[in-house]
Structures are given as structure tokens and as C-alpha cells.
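First chain A sits with chain B, and in the next complex the same chain sits with chain C.
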Partner chain A sequence: MKTNSVERKYVMPGDVVIEGDHNPLANVIKSGNKIISTKIGMAEISYNGVRVMPLSGTYIPRMDDVVIGKVADMNGFAWEVDINSWFFGILTGSAVFGRQFSSSRDSMKSAFNKGECLIAKILSFDRTRDPLISVSGPGLGKIKEGEITYITSSKIPRVIGKKGAMIKLIEENTGCRMTIGQNGAILLKGTDEARTKARNAIELIGNQAHISDLNDKVISLISK
Partner chain B sequence: MSKNNIERISGRAPDELRNVSIKAGVIKNADGSALIEFGKNKIMAAVFGPKEVHPKHMMVSDRAIIKCRYHMMPFSTDTRKRPNISRREIEISKVIREALQPAIIMEDYPRTAIEIYIEILQSDGGSRCAAINAASTALADAGINMRDLVAACAAGKVNGQVVLDVDDTEDKTGEADMPIALLPNTGLITLFQLDGNLSKEEFDKALELGKTGCDKLYKLQRDALSEKYFNDKNGNKEE
Partner chain C sequence: MPAVKKRRIVDSITKESIISNLANSTRLDERGLLDYRNLEIETKILKDKTNGSARVKLGESEVWAGIKVETANPFPDTPAEGVMTCNAERLPISSQYIEPGPPDEDTIELSRVSDRGIRESGMIDVKELCIKEGERVYSVYVDVAVINDDGNLFDAVAYAATTALLMSDMNKFTIEDDEIKMLDEKQPLPIKSVPVSTTFAKIGDKIIMDPNADEEEMATARVTLVTDENGKYVSAQKGKPGGFTFDELREISVISKEKGDEIRIKIREAVKNGA
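The block that comes next holds the complex of A and B.
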């Protein structure tokens, strides 16, 4: 087997991706001198090591990820935001109102209400505590208009494409503005027609993320 | 196998499985799902999670917990089965959970629960094995980190003959029924039950036969998953 260039193949849980001294990067385990996949996906064997790009699975929060979520619950101190993961993102009052935040003085409802959607960034997450999120930063905050569509979070890199090529392609050909959350939620802004086209393109990527000539397929779908 | 074996009621050869078909991703609202038709068995498995643990005191801080429910529909048997969870179903839920547990990398999902729901739509003997096959396909479909898939198949002894995949009538008239579940790539056995009596030789033979059955089911699971994810039916390894 070749080891120098990037090599791709389809794997399932339990499959031996490669034998020998390789560095396990993501979604693989090392057992003896075998690298074994733990998910369904595309295995990539490169210089740095072996990783499996999963084709299914829930979103695992990572620091500095931009996510799109919906306020599921709120209390006097924080909002709980559904970010499509197994825990709610916690948005604290002080992250919105600043350090002088006081639950008696500031009205939580003036910032975010239940059911409202927002773009946020993951501040911290370490699997022992719920993810903390923040809305302070360029492009972050409440979503006032648009439509949210969902895709498996592991396919987000395909939606973005190499250096944003796929986003650019969809945006230029449909006239729809897209904001991508790493959790698999995508915000679409534009006319009805533009949004429909973009939604179909995203759906296509979701169904055929493992195919290599994705760009051509998306172009032919949009230009129809 | 030679022709002078005693005929089975279903007309199958001693080492022949019933017709099996598996389909992955049949339920939209579940994170992962699978439907298996194993002879007359029709079993649906759905997996949710990882998700928050309820009730909270069941949470384990360094790994996931697995909840498994095996349930038979009232119309799944000859006479109506009462829809309540029976003693038998509680036991089978436990053995299925313990059969799947070694395959799941629970340490990757601390403080969460992985829920497996198995509904028997139609039953015909060997439903626990069929359920394990469906559940393991559903777990892989849900994208949960697993060391391996889990394949299961029963062997047994009917009319003095060691046979593969004991069905309902054979189970009732036969001498022994031995469900086996294993991790196909490593060969580790995760479920092993034996109901009836077998001599040492018969036991060895039945175990060998059961393992070949598991290998066949493993291939069918792979086919089901690759049909959904890679749009082709050829999910078996090139080797």
C-alpha cells in the first residue's frame, strides 16, 4: 500500500484502514500495529497520519467553532441554546450584557427570547462541562431574517469546499447568501428562488458527499 | 454438506440461513436505524444519541451509558401479546445491551446516554440474534464510535442434527438452541447462550457453524451500510 501521498478509501467500523506505524488522528483506534476505523466514512492516509472523515454522527463542539442555534430555554442568568449536539450551549448573561450584568437590572428577554435563533461561537468545551458560547464578535448575534437548513455536521467541509470554493460557487450561481455553522446548520438569505436553489444544492452535497466530482454536479443542478 | 442429512422442516440445508435482508436508515427521526427481515422475523431498530441522560443520577462521568429496549408488538406473535414489557423482554434487552456494549467506545461520550430501541414487528424464532444485527447496523448508521460491528446468529440441534439458524418450529421441536454474537474482525464473542443439551463434539460443531453464520450476517450488514452511504451494494472487502 502507498503511504506517501493522500490515499482515500471507504471504511466501516472495525475495518483495518492500514497496517504499520501510523499516527491515529481522528475516528480511528490503534490496536497492535493496525489502525482500525470506528465510523462509516472516508479514510485518509497521509503523511501526518490516518483519519476517517465520518459520513454520519452528531456534532461534537470544538473551541472557536461558529455555530447556529436556537434558544431552547432561559433562566435569570443564562440561555440554553440548542446547537444540534448532545448538550445545550450555555450563553451566560454576562457574555451578552458585560461584566456588570445583574439579573435584577438587565432584562434577559430584551436580548434573546425563547425560540429565537442566533449565531454564536464556542468559547470552551471539554466534555466534562456543557459548552459555553458567546455572541460577541463580528457576524455573531441574533438572526433576524433568513432560513436555516440542516446537514450532517461532518459534511460541512464539503459545503465549504477547498478554501471556500463550494460556498463561492453556490453563492455566485444562486444569489443566495450563506452563513455556515460548524454544527451542521446553514443560514440562507436571499429571494425565495435563490434559497430553494441553494437548499437543493446543499441537499445534494448531503446525499453525495463521498463523490469526488461534486463541483460539477452542483453546477449542473443549479444551472437547471 | 452431503444430501443424506435429515431434511429440515423448512427444506433448508443444515448450514443454510433463512433469507435475510437488511436496510439501513429507515427512520428519519432517529439518529440511526435499520430494518432487518430474517426469515419471517421483521425487526426495526432505532438509535438515538449520544444525548443527555435522564434521570440525571444515572449519568456516569467518564463514559456513556447504554439503554436498550427490546419490545414485541402485540401483533408480532400468533396470539396477541400483551403490550407490556414482560420478564422475557427485560432479559433479552439486557443480553442485547451486553452483546453490543463491547463494540461501542463508550469513553468517547462521557455523561451521555445512547438509546437503542428494538421493535419486533413479526417474530419467528431467533429474534434476539436478528435484533442484534439490526441494532449494530443502526449504531453504525448513527455514527457512534465502534470498535467493530456485531454480528449474531444461532446454531442448534434439531432431530439429532447440528444445524444453523434455528427457526421457531425447530426451536420448539429441537433439542438445542445456541445464539451467538461476535465481533467479526477480532472473533471475540459477546453473546453466548445455550438452551438444551449438546455433547462436546456437537457443541464444537455448532460453535463453528454459528461462526460461519455470523460471518454471512456481517457481510449483509456491510452491504446494507454501503448501499446507504456509498450508493453501491458491494460493501465487502476487496481481500
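The block that comes next holds the complex of A and C.
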């Protein structure tokens, strides 16, 4: 196999994607010398290994992911953040107010209120409990303006493109600034027209992520 | 702990943009204040197992309705009348805020409002559903399932139930020597009118029609009016804690009839295409 060629095909759970010595990357298991898919989606067989890109699915948190969420609930010690997953992100009071945090002295509402949106990073996660998130870091924190649009989280790599090529393409052609959350939420900032164009481009990527000439399609949609 | 999402939350930036759009009399999905989303009605989707069926898509909201006509004993207080029940349920697949289990308050309200619209309009002439007085009557079961929830289920469920009933048939019967015999031959249901439901929501001081899920959650007040083709109001349901002024209600009642007529034409068309 050539180093840069990628073979793609649709697979169902249980389908043998390929036989032989390949590296299982994502959503596949290795059984003997067979690589078997565990999701419905598009299998990609490349020099690096075999991965299946699920057609849809809920976001499963991973450490160090940047996510966009909204505050669903709060108590005296922490905020529960809806991060578009079946887990809530837990933002503790001390992650916002610092180690001196005291639930009687600091007003939780002064930092984040119910329904407010934020960009956060996942600090730690294992599947047994809700992920801890943090808003301290460059680019993280409360979202004050813009618009959030959603896409299946498995298609986020397509929105980003190779080394950010797709983001760059959309941003340069529409004048809309995008912040991408790995959980499938995308924050758009810009004029109404720019946001509409970017939103349509993202929608196109969501519907046709598997098409190979995606770049050209996006360009022709934006420049219309 | 997997999250149990109890209630839809409209995030603060969406809320702001909905309100600022409404101030200019536009909406986020570029509709006018009194515009309905794209309404698609399909019939005969569950052909083999039901007497009549319909699928309604109102924007992203999708509901399926199925009718089953059977025979039953009449209720003692109405020995000469058939039985009609309309039931709606929201499946867990419809939204992330619905869990399996007994229906919650909102689902029960949905179910009762859709039943009331059909029952009080006299859409089905229950007297003609009588086979033998005091002994045997037809029973019409209308079951509506919500497949996808993007707001305004009251209307979507009502349209699906109405269309399915218009498409529905029932077996003929004969009485021989006091024995009731059901025949394979079919006849249409005794339909007397076509009720159409319209739903209004109030956000701030603006009144909008066909609210989507976010708008519905944000609304301070909601009212559903059902009218029939003679311009009669057959049922109404007010929801949410806020209120309407007299002038607003007067306006709503006029618009309800106009929009109702438009939608009735669409329902009739779907029935004609499906027949």
C-alpha cells in the first residue's frame, strides 16, 4: 500500500473491515488477523492503521478536549454543564474561584448562571463518573456573544480538516470566526451574513462528510 | 453517573438572539411571527396493521398516528354510542429529555388536548358507530407516537390524528338471527367535520405561531385553539404561567380561524393524494 492512499468503505458493526496486519485505531477491534468494526460508519484504511468514523453518535468526553457547553444546573459547590453528551461536565467552584473558594463567601451566580454558555477543557475523565472540566486557560471561559451551532461530534475532524485547512477555508471566505468544541458544538462569531454562510457550510459538512471533494463543495457553497 | 436531563435549557445567547429577532418581528429560522414551519403529511404508512395511518412532519417535529377500529361493549350511560379514545405518547427516541416509563405531565396534557379536539368537535359521529344498542358498538382507537420533538407537538399530533381518521375505514357488519357478523367489506368512518388545531406562544409582548422547542421553552404563555370548518371553536387549552390580554386573545381567535382554514386545505389535499 502506498503511504498516502486511503481506502474508504461503509461498514456495519461486526463487519470485517480488512484482514491482515493493520493497526486498529478507532471504533475497531482486532480479532486474530481480522479488523472488525464496532460502529456504523465509514471505514478508513490507511498506512497508519484502520479507523471507523461513525455516521452519528453522542460525544464521549476525552481528556484535554476543548468543549462548548451550557450550564444546566448549579449547587453551592459546582456547576453541572451540559456538554452535549450523556455525561454532565462538572465545573467545581474551586476551579473558578481558586483554592480559597468558600461556598459561603463566593457567590456562584456571580461567575456562571443557569443557561450561560462556556468554553471549557476536560481535565479528567473515566467512564465511571462525570468528567471534571476547567475554564482556566487561554480562550476558555464564558461566551458573551455569538451563535452556537451543532454537528455530530464524530464529524468534527472534518470541520477542522487537515491541519486546520477547513476552518481556515471557511473563516477566510466568510469572515466568520469559529471556535470548535470537540463535543460537536461550534461557536460562530461575526456578522449575520457571515454566520449564516458558515452555518450552511457546517451543515453541508455534516450531511456530506464522507464525500472526497468536500473542499470544492464548501468553496462553491460559500462563494455563491 | 450518566446524566438525566430533566428539562430543555435554552442557552443565554440563543435566548438573546430570539428576543432581539422578535423585536424586529423576525425569527431565528427566518419565519414571520405567524408562519408555520413546513408541514408534510403522508398517509397509509402503516397499511397492513391499521385501519388508517398518517405521518406528520412539522419542521423537525415528527409524529406517527395509527387507527384501529374494533368492536366493544358500550358504556352503560351511552348504550347507543360508539367509543373513541385518542392517546398520544412521546417516545424516548424523540428527545433527550424524555425517559422510558410512565408518561409525565406534559405527555398527559398532550394526550388529553388531542383527544379533546377530536371528541368535542364531533368529528366522528359516535351514534353511527352503534352496531346493536346496549350490546355492541365500534370502538375507535387513535394512537399517536411522537418520533421527534422540536416543539408544537399539540398541532402535529392533532393533524396526524385527524388525517389518519379521515383515511380510516372499518368493517361492515350484518345481523343474522341476533348474531352480529363482521364482514370483510370496508366502509369509511362516519366523519362529520375536520377540526384543526393552532398553537400560539407569547414571548415578551410578541405573539408567535407554531413555536419550536426553544421558543416553546422560553414562552411565558401558550394557548391552543381548535376550530372546525364552520368557524366554531371546539376546544382550547392554555398553558404556562403567563397570561394573555383580552385584545391579544381576540386577535388570536381571528388568526386561528384563518390559519386553520389554510391547514385544513393541506390536510384535505394529503387525504385526496393518499386515497
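Just so we're on the same page, the second predicted complex is superposed on the first by the 214 of 224 C-alpha atoms of A that agree within 3 Å, B and C clash if a C-alpha of one lies under 4 Å from a C-alpha of the other, contacts with A are read in each partner's own complex, and residues count from 1 in each chain.
To be clear about the criterion, a residue touches a chain if its C-beta (ideal position, glycine included) is under 8 Å from a C-beta of that chain, and two chains touch if they have at least 3 such contacts.
Worth saying up front: this structure is predicted, and the values here are computed from it rather than measured.
Participant: Name the contact category of A:90: first (chain B only), second (chain C only), both, or neither.
Facilitator: neither
Participant: Considering only the touch criterion stated at the top, classify A:156 as touching first (chain B), second (chain C), both, or neither.
Facilitator: neither
Participant: Give one of first, second, both or neither to describe whether A:148 is in contact with chain B, with chain C, with both, or with none.
Facilitator: A:148 sits against chain C, while chain B stays out of touch.
Participant: Looking at the overlay, does A:205 come into contact with chain B only (first), chain C only (second), both, or neither?
Facilitator: neither
Participant: Give one of first, second, both or neither to describe whether A:82 is in contact with chain B, with chain C, with both, or with none.
Facilitator: second
Participant: According to the stated criteria, A:70 is in contact with first (chain B), second (chain C), both, or neither; which is it?
Facilitator: A:70: touches chain C, not chain B.
Participant: Output check: A:29 vs chain B and chain C. Expected answer is one of first, second, both, neither. What do you get?
Facilitator: First partner only, chain B.
Participant: Is A:54 contacted by the first partner chain B, the second partner chain C, both or neither?
Facilitator: A:54: touches chain B, not chain C.
Participant: After overlaying the two complexes on chain A, where does the chain B footprint on chain A coincide with the chain C footprint?
Facilitator: 86-87.
Participant: Which residues of chain A touch chain C in their complex?
Facilitator: Per the touch definition, chain A meets chain C at residues 70-72, 80, 82, 85-88, 113-117, 129-130, 143-148.
Participant: Flag every residue of chain B that touches chain A in the complex, lowest number first.
Facilitator: It comes out as residues 31-32, 49-52, 61, 103, 105, 109-112, 140-149, 183-185, 222, 225-226, 229-231, 235, 237.
Participant: Can you check the complex and tell me which residues of chain A touch chain B?
Facilitator: Per the touch definition, chain A meets chain B at residues 10, 12-16, 27, 29, 36, 38-40, 54-58, 86-87, 127-128, 152, 154, 208, 210.
Participant: Could you please specify the touching residues of chain C with respect to chain A in the complex?
Facilitator: 1-3, 5, 9-15, 17
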